[in-house]
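Each of the next two complexes has chain A plus one more chain, namely chain B in the first and chain C in the second.
And now, the complex of A and B:
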């Protein structure tokens, strides 16, 4: 177990390092730079060069990378280039806002999708199953921003039941009631879109398990249907779902750019897009690193969850290929 | 999501800086505002009341509020509210020392045009209680022109030779050469010397002044109260402001990532002011009793530009080399049709490099009215003959070229298609080439490597445009990226800023417009209108309404506005 953990952590460090080098290099290869839009007409090439120098952007890319790495080692993400705004001042509030929105949507999605998918697997092509299929198609087919706008027009502008956008009404910052009111529309959008996938996964993986020999054996032995479903089948059906969960975890941190944009939710998705346009390398690097960490953590978590639901899987067992 | 909106970067620091590549032609300028079609002016004769708040929607966050390094619309809008101008502009774009200006009077200029004497009022104070005095002004001008500071707008200041403090309220500025646009540079904000004087010049851009509301000091009617990154700014009326105090207590400057959400927030009443409503979404805000629309021609124009450098053409053959050919293209393009159908009449035809109705526009620009016959005749005179496939040929070269513009800009996409069709009708093959704005500017426009472009300029208040038309400013040192050379206009541009008397300048620019619109480095296309939406609870006198033909015209007299419901 300890050996497994150490191995995984060392792998993670290596992956982080490689990701950071590749990202840093790619960003500097892209046309334009942080001051590109700061270049005013009539500013001579010498004046532009002076500005680039003052901001430390004329150093060779490897040197800039080394300095960035040095600061990171001290837990410092640095500041933006065009003005000295600490990256952490941008990053942590956006992360918090995104987590509030995404975790809520994700938990609701799972709470609906898994039981409903399982139920549908036992009653294929019934009314419930067909409804779920319809939601699935709609969720996949509807662009998030379009669905978001429809929700806004209907529930905010026409019916005037819910706020249009943002996290809080003005003067109510931090008020939980206001937050919940503001969350209803974006969470609905994210849940409907999320349901599309999870409903199908839950149903398909349950169906798969229900067709297995041991389920037939259990039924032949006269085990109650309830026990068959929840004791024999469910645990096995959860394994592929856990894989998906592990893969989706980074999305919770990265945010949902389109939904955040439509509902003016000040989260990570928007921050990333804004900063990419502004070529603010230090913020982009911080976000990339953070997401990489979550990707690795998500995989690790999935491994542990496998062991939890399936005793056959032993975390860290040699030779085992899970 | 309108991503191109971010690139609508306008003038730096001072209002005087003239020209900025405009990605989507949004934003604000010059002299005499063109009367707006369909304007509903919410002029109110009621008495102003104090208190309440105004929520202003914007697309992007500030970069910094340090005036030295401001080079984007949002930062400049906020700075205009937070700082008193040394001088201000009136509705016609004239420089004035009004009650909100730091200067006591319009500076006197010596007979040789080289010495400006600037007198400050004795009353102005910084928000920390320190007086605004000659030391601040001397520091401001010396810092701005210092190459080590690397202020983006240094070119507005680098003709300053020396700055001398005469007494606590008087400063004398000596110029290296006569440079008329400098008077507009003096509409600048002044820097707080007591805060910044000990910061090494090279470290100023990295210094916290301008990004930290807690330690920020300014001298205008509002104070910077708070900043929630990527969400909003609050500005509070300063109770200790030295001038006439602002009526509205709080201005909330709120960011919206999506133009549609922003507009819906206006309709719902969550927002009071939306700066630029896209023509395509105008219906959503039209005919609503609680929304007033203010429409006016903006201080920017779009053009179809020729590249005359042989390096960009196969075999070194520049099809646009002949003046008659360029004129033929101007005749062949249905510009009025663009205004009517693409801009849905929310725009104005433009014939020359000066905005129609501005003081520099003497009405001498030549108007090329749409005429296929004239175009064909001119092309024939210039030696073009139709080839076997109908495409014109001259000296064995087909008349065929690429037209570049920024992808995602719906207006330019449509205008490009109109040009392609119009020119096809006279036997010219145009290949449209939409490109990502940032990469395009860097790889093609700035180095002058293209065959033709569809692009725009956002103009400042001064008409000088030497750096985009003079052969002194070929890439990489200037914006004459089409490599246009005309000895007469080169000289006119210089003559235009070598006299400070506006009447004499106007005469020069009149001659210049005649020459340049005959010679045609560009086909000048149109000015787009700016449409602003303001909730009717926000009131202002007719003379205080947003001046959308001025740069950052929304902030014009915003401290005189009031709200009716006290909220």
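And now, the complex of A and C:
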């Protein structure tokens, strides 16, 4: 166990290095650069040069990377180029907003998908199962942001029931009622899109288990159907779902870029888009690193949960086949 | 007149006669027969063909130049001249939809083809050679999969500027991993087959074994993944265009139309409906085709027998009629 942990952490550090080097190199080797966005019209070349020098952008890229790494080691994400705002001042509020939106919709998705998927596995091709299949097909073929726009048009512009976008109504910042009103539409969109995947997983996973020999044995010896489902089958059916949960964890932190854009939700996804357009490298690097960390943590968590719920799995022995 | 049973028997005899007289059907013919009886997949094929024809003959079909700005006719309601009306700067909506299909379909098919090519090569190398090559490539795939691909797309397109070529390249680069895993998985199994040993013994080169002998046996799942990949690429393109990172005006795409429609949502919300519906229909069609192909090639596939027919059989043949 300890050996496995050490190996995984070392791997994680290596991956983190690689991702940061690639992202950093990509941004700094690109034509143009952050300075392009901040040149005032009519600025003299000398002044531009001075500005580049002040920002440290004239140093060789490896040196810049090394300095960035040094600052990161001290927990300093740097500041933005334009108006020097500390990156953390942008990052943490966005993260908080994204977490509010994503955890809510994620929990609702799971609370619906797992029981419903299990129910459907026991009554295949019934009305409920076909409805779920319909949601699945629609969810996989529909641009989530278009669904969001349709919801806005219907419930906000036509019926005038819910606010169009933003997180709070003007002058009501911090008001929880206003927040909930603003969350209904984006959460609905994210839940429907999320259901498409999770309903399938839950149903397929349960069907897989229900087809196994030990379930037949249990039924043959007269265990009640209820007990077969919830005591024998459910535990094993949850294993693959748990793995998928671990792999989906980064999405909760990264946010739903397009949904956030449609609903003007000030979260991580939108911050990333805005900062990419403004070429604020330090913010982009900070977000990239943060998400990579969560990705690795999610993978690790999935492994551990896997071993926890399934005693047959030996930690570290999980092959990556297929 | 013959009774229904008799005619059934005659039909069966006919079937058997053709079966024995002709050469055995190839798996492709069998699959096509199964595919044809799947009405969802056939419907998808019809819809997709229609969209492809529209895209090819866009110039002939479209009533107006999609990029022509006509401010005098701006925001015209649907009517005789402009069937679906015009947008806020007087461009004909129907013509834009027709021309938009070109970009969406082109991106869909090019990206799917590119991803299959790249994924097949990498997956084949990893699966065939195994060992450290496999380990390194799989690690790389893990890293690629772990990073939210939308972020990478946004990063690259915003920094390097968005044009059609970059769009295709970055979508291929973030979309090949699924195919690679699939091909690797089947190659891991196939390379242990005796015919591979035989081929090696008579001196067939690695390259030829990989792409002439092994790949043939992995074709069906690759086709399925490629088909589903088309839908994914169309959705990705629409998302990036919605963020303003896809094709740039005067070229038009459905995602770009959604971007414009969202901007002017308060004045004319209906404009957001059409392009999204086109994306939805196309992706639905592609996904149905993909599922149809998968079922058609699945040797374990079960035809679902309607409950009514089972009851009829039971009534006719069961001896333990209660």
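Quick note on the criterion: the second predicted complex is superposed on the first by the 300 of 322 C-alpha atoms of A that agree within 3 Å, B and C clash if a C-alpha of one lies under 4 Å from a C-alpha of the other, contacts with A are read in each partner's own complex, and residues count from 1 in each chain.
One rule holds in what follows: a contact is a pair of C-beta atoms (placed from the backbone, for glycine too) under 8 Å apart; a residue touches a chain by one contact, two chains touch by 3 or more.
Since the structure is predicted, the reported quantities are computational estimates derived from the model, not experimental observations.
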Overlay on chain A: chain C relative to chain B, clash or fit: clash
Contacts of A:235 with chain B and chain C, given as first, second, both or neither: neither
Chain B versus chain C as contact partner of A:284, first or second or both or neither: second
Touching partner for A:140 - first (chain B), second (chain C), both, neither: second
Touched partner set for A:292, first chain B, second chain C, both or neither: second
Partner chain in contact with A:23 - chain B first, chain C second, else both or neither: second
Touching partner for A:276 - first (chain B), second (chain C), both, neither: second
Touched partner set for A:15, first chain B, second chain C, both or neither: second
Partner chain(s) touched by A:71 [first = chain B, second = chain C, both, neither]: neither
Touching partner for A:251 - first (chain B), second (chain C), both, neither: second
Chain A residues contacted in one complex by chain B, in the other by chain C: 31-32, 145, 149, 152-153, 157, 258, 261-262, 277
Chain A-touching residues of chain C, taken from the complex the two chains share: 138-139, 142-143, 146-148, 150-151, 154-156, 158-161, 181, 185, 188, 231, 235, 238-239, 242-243, 255, 258, 261-262, 265-266, 269, 272-273, 275-276, 279-280, 283-284, 286-288, 304
Chain B residues touching chain A - in the complex, by the definition given at the top: 1, 3, 6-7, 9, 11-12, 17-21, 55, 60-61, 63-64, 66, 69, 71-72, 147-150, 152-156, 202-208, 210-211, 228-231, 252, 255-258, 260-261, 264-265, 267-268, 270, 438-439, 441-443, 467-468, 476-479
Chain B-touching residues of chain A, taken from the complex the two chains share: 31-32, 36-47, 50-51, 53-55, 79, 82-85, 89-90, 93-94, 145, 149, 152-153, 156-157, 163-166, 170, 258, 260-264, 266, 270-271, 274, 277-278
In the complex with chain C, residue positions of chain A that touch it: 11, 15, 18-19, 23, 26-27, 30-32, 125, 137-138, 140-143, 145-147, 149-150, 152-153, 157-158, 250-251, 254, 257-258, 261-262, 269, 272-273, 276-277, 279, 284, 287-288, 291-292, 295-296, 299, 320-322
